[in-house]
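As written, the chain order gives the labels A, B and C, with residue 1 at the start of each chain.
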Amino acid sequence: MKYLDKETFLHRLDPRSKIVMGLMGAILIVVLKTPIALFLLFLTVLTIFALLRPARRTCRTIIVLMATAFCFTMISQGFFYALEPRTAIMTFLTPESGMMGSITGGIALYREGIIYGALQSLRLCSAMLLSAAIVMSTYPADLLLGMGSLGVPERIGFVVTVSIRFLPVLLDEAQRILLAQKLRGLNTKGVRGGFRAFRYLLPPLIIDSLRNARRTALAAEVRAFTGKRTTVRELRFAVRDWVTLGFSGAGMIMLILYQAVSP
Amino acid sequence: MITIDSFSFTYPGMEVPALQDISLGIESGEAVLVRGASGSGKSTFLYCLNGLIPHVFAGSSVGVVRLNGFAPSEVPLREIAKTVGTVFQNPESQVFMMRVEDDVSFGCENLLLPREEIIRRRDESLRFMGLWDLRRRETFKLSGGQKQRLAISSIYAMGPKVFMFDEPTTDLDGSGRQEFKNIIRNLKDKGKTIVLVEHQYEDYLPLMDRIITLEGGRIVNNGMTTEVPTPARATTAPPTRRAISLKGIRFDYERGKNVLENIDMEIQRGEIVALRGDNGSGKTTLLKILGGILKPIEGQITILDIPAPTLESLVGRVGFLFQNPDEQLFAQTVEEEISFGFSRLGNNEGSDRYLDIAGLNTLRHRHPQTLSRGQRQILAVVSVMAMEPGILILDEPTTGLDSGSWHKLFSVLYDYADQGGTVIFSTHNEHAAAMSYRQIVLNEGRIISDEISR
Amino acid sequence: MNLYIGSVILIVILGGAIFHLLRTRNAIPTFSIQDLVTAALFCSLLYIAILPFKFGLSRIPVIQAFFFSIPYTAMLFIGIRMIPKAGTTTLIICGHSLLSQTISSGVNPLWWPYALLASFVLELYFLVTKNYLQTTRNALCAGFFRGLTVYIYFYCFSAPFIWHQFYAPWYIAIQTAQGIAGSIIGAYIGMHLSKPIISAFRYGGI
């Protein structure tokens, strides 16, 4: 999910609020257990995501990702459900059938497991939506600044900034190198071809990057870089941040209480 | 502003000093051109003035360097950066941030200036460099010339009195060089001191107050005459068979914006053709079409008697060289690099012949990346030539090469053409274009001239 | 839930142990700007190296662990060999994780302990063996520990306690074995590919 250059409510929030909200969401994702609580969480996060008014293509991508998570979780938990009661709807291996059977304890698809998996996939989907919402509504430099003020060391911030800056450059270069290799007769078809491409792609890409690193470091030196710096970008907490955090905090507590109280 | 007195510098482990007994003074507001062959010590000279020696590069020095009253060796880089700004050759590696305005403020942020001051300087610098309208653009989307302007803008915002440039326009095209000329003019008007190191400096001569020539680390005051001993231009064999034919070619990357229009041309075997034009003229696109990498949207193309060829059908028949030789060197030894191509096509001739052509026989076991830039360029060219293609296409082959390597490169290409090979190269460099037999000039996607080189 | 918190505490303890070891040896590393920029480029390179494996073959969950680990470990180890110091591993692994989160998968604090653990285990291994991938044996062992840590942590800690997903012990064993195998192969490939690069680097061509 890439940054979306728009003006929405989410965009106007301080990145620190969004990171804190992400943390709150993370806590809820771990702590909540009942189906209704999980569903409420999912709906809330979906609403937050919808605030971004994302493009059709983005919605499609996220739906595909969620559907994939949904299916895989249902299947994996369908197989691995270990609590009783459980009803097998398809048995692939009985516990009695030889060595495989005794090691694995039998492989079967359980109805309760599928339902359980479907429910748990709500956690994955909520996490996906929330983290995407944060990334799509926050300019990377601001996000890094926010993380920096919340404790991430400056040097890591610089490293991530530079790596974001050079990623498209390196991607372009990787494509050019692969093309040049193809023109020199390298066969890159199939799995073996893929590994071959990887093997021949890396050295020139890495060496060029090392040369680039030396040049970029010199350019940083003459820009007086030492690790410490003041920043033009400012993070300012506004009333809406307090209100949003207030609501989120309250919502979080309510959901947890609801879960504690309900049977 | 700058005084140097009997200064010598030797890199660690080297026997010969990189700079020997340099003495000179540069006044405030002066514009000085520093020229010299590769290895003459030009970059080292700059590094001794901007503090990179000794703060980043170690070595032993003798003599005195004083910059605005202080010695660079005694003051931390952060302080020196307030007085001296340096702009290097490669625009890509001088941009740090994702957005133009953020990159311009980067230097000021490192100087720990207060926020309002940074904003003031940033905005002034953006306007001075003509980047105001681009201030919110993603740096990735800028052209080479714009990136270089951005680098200069970032340095300008730090407020130095002295600007040092280490071959800043070698990688730029004609319009980039024009832009740079204007920048130098504007900097001079602001009273800045300028030290410019450049290979192709003719465009900037009128703006320079003084020329310093370095040779073997020493200042040599006699002016250099011609820089490139031009090899005799090959007369091509009378054109007989067609190598490439294009009729009515049109190409666009997105609907409505034609990059190439109405292109008609024929190239005969054995010709050496230079494609000229600025960035945006469509010459790189045309080059890729000639190489079979891109397919035209409209029109007919025949390459080596194959109509509308696919890329696969051209492997081994057409050799394409991209601008950066380092992206095309994959093997672990020079020898392996040369045999990489043809051994995959099933030929098993030894690479000796091509090693000879490249003049790299004694270096055959070296790792390709340890050769000099000029040698790497020649190796890349010869490695593709070893596949014995009928056509050799090169994208800006002279970028970053010094005069000795030019000579070598064109000798190799002339020999190839003499044996019937066709050479097509794109360039924004007039001297390189003059080395061809025929020059085709593109402007805004159309051919505006197609003439024999005089 | 308690196990997860326990794992976070474990990570903090590991971090403390590393810091203590460095202090007693007087070996707290300094990173030059070139080191930082190189590490940054390796974060991007790591992102690129695993890009083709995010789709296609690796979508098949049963063999995903194997295919994913190879390019990741290979590129990571090449990066560590370029800057053989304490802290490089953490810079590259965490930097890549943040990069990935900031520009695509989304910022998710739940993944942060995972990246830190992977880093700290390797850092501790290098510190204890006093060897930053200088020998193939060291690399293969490092690959082993990386695979073991990462997959056991995922299946025994992250999955059950964050995502509430459970897997049978035999399945965990298979996935971990694959992860270890992939990491070891990746380590070998990384060593093999980095040798000519390092010798070219030392020779001064770069």
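The criterion applied here is as follows: a residue touches a chain if its C-beta (ideal position, glycine included) is under 8 Å from a C-beta of that chain, and two chains touch if they have at least 3 such contacts.
Note that the structure is predicted; figures quoted are calculated from it, not measured.
Trainee: Have a look at which chains touch which and call the overall pattern line, ring, star, complete or other.
Mentor: complete
Trainee: Can you tell me which chain pair comes out on top for contact count?
Mentor: Summing C-beta contacts for every pairing gives the maximum at A-C.
Trainee: Using Cα averages as centroids, what's the distance between chain A and chain B in whole Å?
Mentor: Distance between chain centres, rounded to whole Å: 40 Å.
Trainee: State, to the nearest whole Å, the distance from the C-alpha centre of chain A to the C-alpha centre of chain C.
Mentor: Taking the average C-alpha coordinate of chain A and of chain C, the gap between them is 18 Å.
Trainee: Between chain B and chain C, tell me the centre distance in angstrom, where each centre is the average of that chain's C-alpha atoms.
Mentor: The separation of the two C-alpha centroids amounts to 38 Å.
Trainee: Quick check: what residues of chain C touch more than one other chain, meaning two or more?
Mentor: 196, 200, 206
Trainee: Going through chain A residue by residue, note those that touch at least 2 other chains and give them in order.
Mentor: Only 140, 161-162, 164, 203, 207, 211-212, 216, 220-221, 225 qualify.
Trainee: Provide the list of chain B residues touching at least two other chains, using ranges where the numbers run on.
Mentor: Touching at least two other chains: 332, 369.
Trainee: Residues of chain A touching chain C in their complex?
Mentor: Its residues touching chain C are 1-3, 18-19, 22-23, 26, 29-31, 33, 72-73, 76-77, 79-82, 103-105, 117, 120, 123-124, 127-128, 130-135, 140, 143-144, 147, 152, 155-156, 158-164, 166-167, 170-171, 174, 191, 194, 198-199, 202-203, 205-207, 209-214, 216-217, 220-221, 225.
Trainee: Please name which positions on chain B make contact with chain C in the complex.
Mentor: Interface residues on chain B, with respect to chain C: 332, 367, 369-371.
Trainee: How about chain B: which of its residues touch chain A in the complex?
Mentor: 50, 52, 55-56, 77-78, 81-82, 84-86, 88, 90, 92-99, 102, 105-115, 118-119, 122, 139-140, 151, 154-155, 158, 293, 311, 315-316, 319-320, 322, 324, 326-330, 332, 340-341, 344-345, 369, 383-384, 387
Trainee: In the complex, go through chain A and note every residue touching chain B.
Mentor: Within the complex, chain A contacts chain B at residues 140-141, 161-162, 164-165, 168-169, 173, 176-177, 179-187, 200, 203-204, 207-208, 211-212, 215-216, 218-226, 228-234.
Trainee: Which part of chain C faces chain B closely enough to touch in the complex?
Mentor: 196, 199-200, 203-206
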